[in-house]
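Each chain carries a letter (A, B, C and D) given by its place in the written order, and its residues are counted from 1.
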């Protein structure tokens, strides 16, 4: 595939689009889609995502990146080039409840998750079969509050072994240490089973039930060291009424969790998300 | 109109439905719609709403209510009979932002709000014209933190003068004292411009923007003395993205506030809501 | 389990609820939930669904049904008693696209589909593995326009062999003959991949794309001999825009199809649906 | 205001974005937002909308447009420059049901409809007051099947008198002649009270009720000479159930019609819509 994505962030200033599009044109690239956003038209940050096709991309990679360096310097850009044919290596962390893991496996099997699911890690054995039957390596690593550092040591080894680019917490239910989070900054996606910032922390469905809300939700976000406070990628909700007890809410919620996490992961894999402070720009 | 509604709450026990429906049958009433709910089939509270037609209802009222007394006593019922032809007297409290007030006036003009809008009270003059041009009395009562008790004294007088059954806070933005709230328990409906329990208190759109949520919402609830903690009647949400600043969120939110408040008010007027603890049962 | 459901349909007239609830009370049954609907309060059809618990239900069944006969005769009722412990036998007909079948299997595995999935029939081999690996019998029966009657003969034999109560067409894509449909009247549920009555017939996504709609949908309905004209059980929609080609619409649509069919099947299994003419009443 | 929008349509080819953005940069314009779409990356039509700020825009207009001509010729472009400070003149055609007209007037009063509502035309007097009380000219022009050409003659005169750029059919309910439609091609927006292509033509709510659908919708589209077949701009839906009769559906539908039409009009006024064949691209 000759498709790549250019992600740019820099102070807003005249001439960025002209310069970048001229650069691509001169290197024989055709812009397929382009999105931009400025925090503040007068002096804010500028963000851009360009998806382009470029015949013979593999051979031109080195030249493209070298030639772009002076442009990046001139405009003081942070930038990234992502090549669509270079699939990201993904690790999924799961626990006992398999619905989010299953949804991801299913999307992956039907070709909708353009990634290499490199490994699944769980602190329970229950999901081993559904993982291994699909030819994906499974690692059982016991984990709880008391053995967190041991567990993370093993997990990090595995992430390095499989050269993992993205960790998905598919209802993993264990808190990660600041060290771990720092090492995979903006590379860990979690699904929280509430409409954040409502019901941060444990047992959101119980608390939603007790509060008597008329809708429940789910939120997918990047993990930071503030519990459930990381940059939100996607949210969705579903209706409940007085007849729905906690078990019914969980059922309704699971369908929402599945689709919210799958969308967030897909957008990450398509390089659509730019994290800015505690927010996301989703192109 | 010969239509009435019977609202019942009592400990669940065998024979309630049989007894009540037999009572209605014997009094010549035809059940139009009936809803029931039990908190716990084994020993919980039982709730019921029956809407019935009864030819010659006005003349039978006294008999109906007298004859029901022994049934209510036997089953230890709290109950209410509401006659559809007896419109509730409604007071709307508004502030500077007119969108929720306007929606209610509009619904009322088009015959969808079966109530008598007796009076509109505001601490700003801006909405006077749209109220008086519709023939509804308008009272300007200055209100803020420092003159709360004086303002409420005037407001209470007006509520008594117009024999008000329901107070709607249509983005009124002033906190009511515990005395006031106590006097109109489960008779004050507020619209809060967030998806509660997220963003309790002031400036929810600003806080939603700062948190980077992907959806904003509105919540209609009965007012209690815990700010934004009263029984939720209805909620709804709308999508936002990184392009939406606080002003855009307010716009999107206003449409949600309008419809959520209007639905909640309509359900109250149709006697569909039973408050149980800090929750609502909406039949 | 001592739970059952009573489904009633009769001309509206005074005393139905009183009589039926008295009957249940006298037989020691406790009403768990009750829904009713009248087409026209003055002389229309009356529909009712009562879910009740009755200790020792298995032993009382014969008595209950016998004792109800005179009531049914008096009110000229069509009625049904369904016992929750008697699971319905379900046959799923599938074709090449497995997403709807998979959703049903998944719901069933997680305990949300209270039925006995007796058999899966398909005119393609692709889904055999996912069926047999779950211990469900699979039958490959070639089917197309030219061999319809042979195929249906085989299918009917299987349906009889497994004593099937409900046939689910999970994107089966073959038209059934009037004979077949007649034999399983209101017992065949189909999922059509459009928001009916838009795009009846073949290739709805292509036609939705060509029409330039901004939303696509799915519809679950009972099968009649008018193609895609049977009583609608449930519908839902999703947003699309000009960037979505037919393939993207199919993907978005599949998620809708999955959930719409699953909801319709669940409601059927819970005896919530009453077919009246070409419409459904869903309690 | 120094803001303008450049709308481009041309055969896709290398260098378009580079050339256009270079042009804007050289003329001191800063791109605020930019959207593009290609029907087919290999040889299809290319569509682009650029919103830009340009200090001293009024004085530069003539130069900008002159200097762009050779670019447009080189790439074989259809293009338009729209200046945000030049408000469009809008005529609203209404009939008896005022809800869509009212929504537009309301949005306009609250500053959300950036247009000059030049005139309201109706074949009924009922909406005169709500129009004139807002200082907008109102013209009563009787219209029905038999006097169509006379009515249109008067209407055209008024449209010319007020130099109208956009005609909004806010539930106008009269069919326009091909002549009229041709003269205002892609400048007449209609709201149809169904989810098109379902229920084309008259009485969609009655037909939706008779079909037993579980959702009803509304569709805003540009008017062409094929009834309800013009390019769709926006659609939305709402849930209904068996309890909703035709009157209830109309009520639910009116809220949908209001918001769908208002969104479509806003997008048109913001020059976000490009009509391509029988479809719209909405940037």
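Following the convention adopted for this analysis, a residue touches a chain if its C-beta (ideal position, glycine included) is under 8 Å from a C-beta of that chain, and two chains touch if they have at least 3 such contacts.
Just so you know, these numbers come straight off a predicted model, no measurement behind them.
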Selected pair, out of A-B, A-C or B-D, that shares over half of its residue contact pairs with C-D: A-B
Distance from chain B to chain A - Cα centre to Cα centre, in angstrom: 42
Euclidean distance of C-alpha centroids - chain B vs chain C, Å: 37
Sites on chain D at which at least two other chains make contact: 37
Graph class of chain-chain contacts, one of line, ring, star, complete, other: complete
Contacting residues of chain A [partner chain B, same complex]: 37, 195-199, 211-215, 217, 231-237, 241-243, 278-282
Complex interface listing, chain C residues touching chain B: 14-15, 17-18, 21-22, 24-25, 28, 30-38, 41, 53
Interfacial residue positions of chain B with respect to chain D in the complex: 99, 102, 106, 110, 112, 251, 255, 259
